[in-house]
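In the part that follows, the structures are each spelled out as structure tokens.
There are two complexes below, and they share subunit A, which is joined by subunit B in the first and by subunit C in the second.
== the complex of A and B ==
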């Protein structure tokens, strides 16, 4: 497989056939009344992974996390952690800790007491507790705040205390429920990198639940995209984005143009597609298709070129500028084709001055390379 | 916004406050009256307060009231808090709606009916009426007030705090005593105060369930007033008012202090 994205993955135990998974969900179903929150789901997560469960609200991702923490019991199936079946083990005896979305800091205790809470339950001697508290506070850069109470901290500091508290017991697995959901954008971006660095440093397995695809893509080694209690695809962020397995994943992660087409001809990895967008597309694909088959062609907006005058060659689309949004690094165009479909194009603003001058209702021409898109049969 | 009060606001305030407090002010003033006649002012005196200390019947009644109040408020708080926890923690157990309704019903039940039904129960059980029956009756009618107060606190309680405690290794019992109870403590204390106050000034239910030798202060006052109001009664009432208002003022000051501390915390948090 050619490399997707521009990151070389040296850590990829999921590609090694002899690697043993650290956490295994085996045919897990969780039913609430008539509703299947999690539906016959199986998943393996490896030691040291930063794993993200990504999905819209109600897709079952939080339920899955809560089953690992012990707050929910699976209706059927098994959860196995480091070789042990977790069935019947209450949350307070599981070697996992969770960072809650609301942080759940105890408001009547100081920062230090919050962090020491779990250590005291273990019966750790006082001196050791003090040392460990100091160590984790240093880890999250809050040494000077040990005696403050949670309501004397800012949102970002609270988030770090919650992180420190959940790491203090050195869990085998750290569960993060929408860890950055309550932070503003700027702080969120900073924290994303801090969290990944921390995870790398500690080597602890992290499992994160999020509905924010950017958050999942920035931090996770692998992402499981979930829908209606099932996993739709498990892959690295680059694979999820560049090689989605289904229309749902392509549409859920990032901006996308989807063309419904019919296969007109197949010739050694090159497919000619008839769509309602204009002249047939010629694209390369290793998907096995036959003439006349209905497929979906997936094309990300940044993989199209835009011009103000007619373009020659294959894979050209013509339309009218319907909308323009300048957002700094890219300019987004919405081009309306003759058939009424709107194609999204993202032009990278690689230079300060652009030779392209377009305004609303101008004619515009688009072109993409043969290998720019993806043919999906699902 | 206009500054100051308009005429109609001033009139409203004066009329409102007079309506509420004039009777009480009169009562306090006449408790310091030197005359034996309640409505004739004959100079300032504290004689009735001194005389109180020698009125053994009144002191006995006060002692009974205090004991009933302390015991019934404490037991009612325990039971009421447990009921509130059960009602808010297990949202879908069998008969929940019925039980919630039944907890609220005594709040609006006429006291005469509560008193009468308790009396019938004690007679049926062949319990000797007296201190024990009054205490039991007070527990039963103040418990629901505690439940309502504690339950409203639990509604705004972040359940993930308890999840977090358990996640960090605390058993359900430890979680309750280390996390839940300290956080709902103000509501539990408020429930206790409410139960105590209700027990303190209950006349109707106590009258139904009392027996020989167990006369509470409200019963004593009521029976004396029927023979004519004495300045001594005014003095007792003034002391009661003083106790209650001290409680209210202390509670207000504590609350005010908390608000000030909270404002300081918020400034600290903003400063980083």
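== the complex of A and C ==
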């Protein structure tokens, strides 16, 4: 397989045909009244994976997580964990722990008591509990906060306590429901890496639910993109971004330009596309298409070059600068084409002084390589 | 630039005029706030503190056969000083000396405590059930809890006489069901008092407990289950501790009025159960000993208020 993105994946049990999945959702349906929250969904997750369920609110991702935790019962289908069917097993007997979106820290207990709660229920001896509490507090760097109450902690500290509490029992699977949702941006970015490191260190299988694609891409080994109770694609972050299977995934994950076109000619992996954006595009693709077929051409903003002068060669678009946003690492342009469509372009600010000087309503020319985009038939 | 500056200056010219017309100045608002806060405080002052001080003053007086039946009285400003010198704590000494009062206090506190516990045992499951009901049902169920208030308290207590008396509804039912072959004697016993108090004060216990249960974060219950707590353990380690503020408020709301309860023991408890409310009534109306009755009342207030104040101190320090 050709490598997408810039990360080499050494850990990829999903590519090994003999690997046994650790968690299996088998044809799961969950109905609330007339509404199918999860619709005939099957999914395998492997041991040691950091797996993300990504989707808009109401797509069924939380319901799926809650079925694994035992808070919801599937209407039909089976959930299998480490070879055991979880049907009929109440939440308090499942070898999984959950970190709640609201953290759900017990407000009447100290940090240490919160963490010890699950261990006490196990009947662990007192000395061992104390040692374990200290160990997980160290893991989340909160050793000095054991005696505080949750209301005496900051949002970030509370998040760590919730994490420590859910890890204390050394669950087979840790479920994270929007783990960073309540943190501010800066803290969220720091915590993302900490969580990834922690997961790597512990080797525990993590399953995370999030609506934030950046969060999912930063942390997860694999992402399942969900829509209307179904999974639309399961793949690594790079595959999701660079090789989305459908228009929905392409549009949901990251910024994207979508061109509707018809195939004009196919010649050994090179396709000529007619779109309303201007002269035909010539692109490489291994998708099987035939002449006259309607397809979608997907082009990420950072894969376009922008210039203030006319460009020669193939795959050039011309338009007017409609909007500019200087974001810091990139400058984002919205270029309005003659047909009225707006194309998003992201220019990396590789140097402090930009050679390109553009302002609103200037003419601008865009160009992309033959292999920069993706032809989708779905 | 020039235009915006002109607009800005125009704005500053018109603003003060507009302000005085449409908005009350800070002064009037301050006064309004003081009045709003002041009215309830005045109410408490005039209708609780002043009467209490009068009662306290009477408790320091001496009983006489006159109208009013105590002395000294503040006839004129000049008589104040001599009147003050006549005050004594004799009535308190009298109360302390006679075991009748002591027994009456102990009995009242005992009955109030026991019926508070009974009310709690009945109210907690009810409040819990209501808080677990679907939102559509919850409103109706809370309505049902407060529905008895639509009928006079006195009438409801009289109704219990009809239910509990030997030939009353309860005995008729039990006889008909052949559970008993002799009518039970419930009316005019402490049991009837318990029934009356638990029945009458149940809503005061249910509502605060329900309020604390209802606003509890459901994810805490899930978190407890997730960490391995059985539903039983979850209840005792999470749900119950977090509903304690409601439980405590409910207990106060039941215990305090139950201690001084007069109507229920008088109508349902018969003459043998001498609770403190009845004692005060007897001193006032039968003995016409206003000073002793007042002293009994003052002692009761102290008995009730001191623990509450201490408890709140402890609570405040704990937070």
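Keep in mind that, in the parts below, the second predicted complex is superposed on the first by the 378 of 378 C-alpha atoms of A that agree within 3 Å, B and C clash if a C-alpha of one lies under 4 Å from a C-alpha of the other, contacts with A are read in each partner's own complex, and residues count from 1 in each chain.
Operating definition for what follows: contacts are C-beta pairs under 8 Å (C-beta built on N, C-alpha and C of every residue); 3 or more make two chains touch, one makes a residue touch a chain.
Note that this is a predicted model, so its numbers are computed, not measured.
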item: Clash or fit, subunit B versus subunit C on superposed subunit A; value: clash
item: Contacts of A:354 with subunit B and subunit C, given as first, second, both or neither; value: neither
item: When both partners are placed on the shared chain, which of subunit B and subunit C touches more of subunit A; value: B
item: Partner chain(s) touched by A:42 [first = subunit B, second = subunit C, both, neither]; value: neither
item: Contacts of A:20 with subunit B and subunit C, given as first, second, both or neither; value: neither
item: Which of subunit B and subunit C A:152 touches, first, second, both or neither; value: first
item: Set of subunit A residues, in rising order, touched by both subunit B and subunit C; value: 69-71, 90-93, 96-98, 100-102, 104-108, 117-118, 121-122, 165-166, 169
item: Residue ranges of subunit A touching subunit C (in the complex, touch as defined); value: 69-71, 90-93, 96-98, 100-102, 104-108, 117-118, 121-122, 165-166, 169
item: Complex contacts: residues of subunit A adjacent to subunit B; value: 69-71, 90-93, 96-98, 100-102, 104-108, 117-118, 121-122, 148-149, 151-154, 157, 165-166, 169
item: Subunit A contact footprint on subunit C (complex, rising order); value: 217, 219-220, 222-230, 233, 237-238, 241-242
item: Of subunit B, residues touching subunit A in the complex; value: 158, 160-161, 163-171, 174, 178-179, 182-183, 262, 265-266, 268-270, 272
